[in-house]
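Same chain, two partners: subunit A is paired with subunit B first, then with subunit C.
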Partner chain A sequence: MTSISNTQKQPVLKLINVCKRFGGVVAANEISFELYAGEIFGLIGPNGSGKTTLINLITGIYSVDSGSIVLDGKNIVRMPIHNRARVGIVRTFQHPRLLGRCDIRANISLGKDLADKRKIPDTDKYQERMGVLLEAAGLTNVDLSDSIEKLSYGQQKMLEIVRALLSKPKVLLLDEPAAGLNRKEMSYIINLIDFAVKEDICVLLIEHAMDLVMSICQRLTVLNFGQQIASGIPSEIQENPAVIKAYLGGSRNAEN
Partner chain B sequence: MNLQLLVSGVSTGVVYGLIAMGMVLIFRAVGVMNFAQGEFLMFGGYLCYTLNRLLHLPIGLSLILASLLMGAVGVIFMRTSYWPLRNAQARAIIVSAMGASIVLKEGARLIWGSIPVTVERVVNGSTTLAGSAVVQWQYVAIIVISAMIMALVYLLLEKTFIGHIMQATAQDQYMASLVGIPVIMSIGLTFALSAFLTGIGGGLLAPLFFLNNTMGATAGAKAFAAIVIGGFGSVQGAIIGGLIVGLVEAFGGAYISTTYQLVLIYVMLVLVLMFRPQGIFGGKIQEKA
Partner chain C sequence: MKQLNYKFVIKYILPGLFLAFCLAIPGFTSGYMLRVLNIALITYLCVLSLYVILGMCGQNSFAQAGLWGVGAYMAANFVMKMGAPPLAALLLSSLGTAVFAFVLGFAFFRLRQYYFTFASVGLMAILNGLFMNWNEVTGGALGITNIPSFSIGGAIIKSEPGNFYVIFFICLAAFFLMKVLFNSALGRSFMAIRDNEIAANCLGVNSLLTKSIAFGISGALCGAAGALYAFLAGYLSYQTFTFQQSTMYLIMIMLGGTMSPSGALIGTLIISLLQEWVRPLQNYMQFIYGAGIMILMIVQPEGIFGGGKAIYDKYLKHSKTARTEAD
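Here is the complex of A and B:
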């Protein structure tokens, strides 16, 4: 993965002073960062620091109290959820959310439906693309007419990312993709993230597995109690005393 | 004699099946039983009466227009009684539907009065089968039309894009919106389809049972029994359950007593709940996440 000179490029997604409180709890306080095409941006912080809230603000599940979320120069804070998906913001969940009463093919085809809605021109190459994605996800041996329950937990997480990538999004928000996965499955996740980067999709990665975050993210930002306590490249973050105090706790894998 | 009962039982049974199907579609979409479903039957019947008897349109056209209008009623019903409460507890939605059922019932009394009315039959006359069984063509028409509608709904749900959207929304509204599905549109379509299905039943049954503004409650209760017997949340179960309720009603009415028709249905409901609480098609009790 090559490093990008951010100064020459326009950000794809930009958060400007985003604030959100739930009663007395400040879940996001003046959060600002930019995501560039083909970049992997890490979002880390202890449990309850507001990472998933940020994803919910970006996808539109929660509305922001103040601040802007700008996609390709357009403020999207008032856009309804399904339209944000249609302009190219997709996410996955910490615990995979798939349609349990439908087969695997139907679940994947939701991604194609979204691509059609997005009027992505080359969806005629859908089969080929799906094949590449399923291979990257290690799902080639899976019978697509099986029900979702036949898949392991890890395979379900992979399927969610495949579905998200099939829609050719601009922004992919990954909420703890590696949680609960074994080494082998972790390598599939990295394959899928590589695929996204090659397509110039920007990836926002929330993850507790520090070795993964530190090895693949170009930049990251650290949240604690809804505050951005540090931002920068992985080596800087690892040395940052505030981060070590709040999160890393001296260990590289504080949460596990 | 038996054949005659069988045909009338199956024909009322398929209409209960239509009502039950409508209920199941809404239940699957929003996770709450619609306690105004029976009123959709009554209202659909009255709309058909208005078109057929007051505006003198042919019965076929009246049935089609009435059921399409019921689709619009379904959307209005969704927008006013469900949508504002979509994030509230289920019991709030149930009470709201009960309120809406009173509005529909008393609204119908205001518009059409409380004297029972009827509409034309789709087909007149009857035929004699197997020597002595007199079968009215209207019963046959009900069975054929309902079966066609059920088949079309099955195709719509399983084979079309709209059906996939509705199924996805029914399973996970939040996730559906994240893959670009507008939830309000999808749920609106579900309510429209549900009211359409149930409303056409009103127009079909009207020549046999007369329409009155309080018929919804009984019909709704029978459809509810059909759903429980067939298996909660299952579309096939709703159809089979509807048929069973219709047959029990017809044969019980003939061989035991017409007074105890409803009692027989409820006795069967209790038996099913005691020995097979998940119903015929319910593999497991489905809990909405």
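Here is the complex of A and C:
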């Protein structure tokens, strides 16, 4: 249903036949999909299937061998990493990459710095926005002048998403945000994703926690060995025999 | 009995007392010792330049003594060949060295990781060679003599205490500028590069430009230090601006701690004063520095200041109002 309404809108981010090889290994083979504003798009697949590589291609850490990545109608494959961030593609990492030797406030401020570089006008509402985000992330009780090392692993992951959202991105790429988190922390992640959706940010979610993915993503694509083996809405994906064989079947058995 | 906040004491009262003590130094210190302190403060500016490029931005440079020399020879030339007033020469050589470092940074920082360090070693060798051989500008092996003293307006500052105050206030200004830089978006982008360059790029930080700016700022500090040295010493020789000196700056900042301007100050003062006080042991100094640094890096890699700060964070920061017997 969502995909029908989506066709009337222009996609924010569009991948067209993106290919990437590392020597003999095909990490991405003719990957194509579209992301729409305010949509949560899931990217799933077994370990080593090329999910993180795809995020690295979108953010520019790796350059594509062929194909195009189009943001708001503009091909950005030749754009350097920092400029892609400045046009609104912001990501988090599997393991949070924060300023380890700075306080929490400095870390959050990096998000504001990016917003300034993006020339986002309503910076005067920054404090308010930061308050809302910190509350959504369950970080209201932390002392912002504390060192980042005082935060738990989960809180650091949350902080990284808060920082990303403070820059008001167009596209938010989340690389396994829920990995290693408990249920309570997982609910904070969902709060933050909700916040992003309300701001019409499109969210690309890589995640192994299938209950989370299936409950919040509107559409999904499944990768295996760099191939896109299926795309569609969660209920279709769950029934897809190729996906069950390559990925879901295994993980379901493991969970039960 | 009063409620006294440790934080307040450590953040304001101790630095305030230290500042007052510094201002009083010329009152009870002899000419020679004051000269040692003046040189130490000039050295501090160079060590502070390492704080910017190494401590904040994570790029190790062995070329700081070379940049110091660039500033010194520039200042001497501005004053002696172009007749610029010393204050203008100071500003111009600081600016000139900054531009010089910034432009070189653009070439060097195309190299990632430690290759910049290799390039800086090369730069240091080239600069020292230039100082020794470019007779028209540096006076070659003979150096430049009879550089006039510093002056502001018409007032010539020749005495050691006068020079102390000039250098001290420039150091103080540099110290606070570093604090401002630390809390600015630019400073944060330096630190983002230091901690993880790719992650910094993903936050919109342009590596090449940002690192070049960091090297430029470190150049500005070295340039100012060089100019002050030229006016204070009155004589420049290529033998002053050596690789050895660059290494000494690194030892100083490692000792004090790379993470703060205060650490740089502690390291500079300890080594500068040690060099004076233990002159009889001079032959062993290299050994003592080397062993000292190795032990420190194993025991407390963040240096003396880093160690102190760790203790403060652990025990004092959250004891918000500690009771003290202060009337």
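The rule is simple: the second predicted complex is superposed on the first by the 246 of 256 C-alpha atoms of A that agree within 3 Å, B and C clash if a C-alpha of one lies under 4 Å from a C-alpha of the other, contacts with A are read in each partner's own complex, and residues count from 1 in each chain.
Going forward, contacts are C-beta pairs under 8 Å (C-beta built on N, C-alpha and C of every residue); 3 or more make two chains touch, one makes a residue touch a chain.
The model shown is predicted, which means the values in this text are computed figures rather than measured ones.
Q: Look at A:117 in the shared chain and tell me whether it touches subunit B only, subunit C only, both, or neither; answer first, second, both or neither.
A: In the superposed model, A:117 contacts both subunit B and subunit C.
Q: Please work out whether A:101 is in contact with subunit B alone, subunit C alone, both, or neither, and reply first, second, both or neither.
A: The answer is both, since A:101 touches subunit B and subunit C.
Q: Considering only the touch criterion stated at the top, classify A:147 as touching first (subunit B), second (subunit C), both, or neither.
A: second
Q: Could you look at A:68 and tell me whether it touches subunit B, subunit C, both or neither (first, second, both, neither)?
A: After superposition on chain A, A:68 lies in contact with neither partner.
Q: In the superposed arrangement, does A:32 touch subunit B (first), subunit C (second), both or neither?
A: In the superposition, A:32 touches no partner, neither subunit B nor subunit C.
Q: According to the stated criteria, A:81 is in contact with first (subunit B), second (subunit C), both, or neither; which is it?
A: Touch partners of A:81: subunit B and subunit C.
Q: Which subunit A residues come up in both lists, the one for subunit B and the one for subunit C?
A: Residues 59, 61, 80-83, 85-86, 90-91, 97-102, 106, 109-111, 113-114, 117-118, 163, 167, which sit in both footprints.
Q: Show which residues of subunit B lie in contact with subunit A when the two form their complex.
A: 161, 164-165, 167-168, 171-172, 174-183
Q: Any idea which subunit C residues touch subunit A in the complex?
A: Per the touch definition, subunit C meets subunit A at residues 183, 185, 188-189, 191-192, 195-196, 198-199, 201-207, 259, 313.
Q: Which residues of subunit A touch subunit B in the complex?
A: So the residues of subunit A touching subunit B come out as 59, 61, 80-83, 85-86, 90-91, 97-102, 106, 109-111, 113-114, 117-118, 163, 167.
Q: Which residues, counting only subunit A, touch subunit C once they are in their complex?
A: 59-61, 80-83, 85-86, 90-91, 93, 97-102, 106, 109-111, 113-114, 116-118, 147, 163, 167
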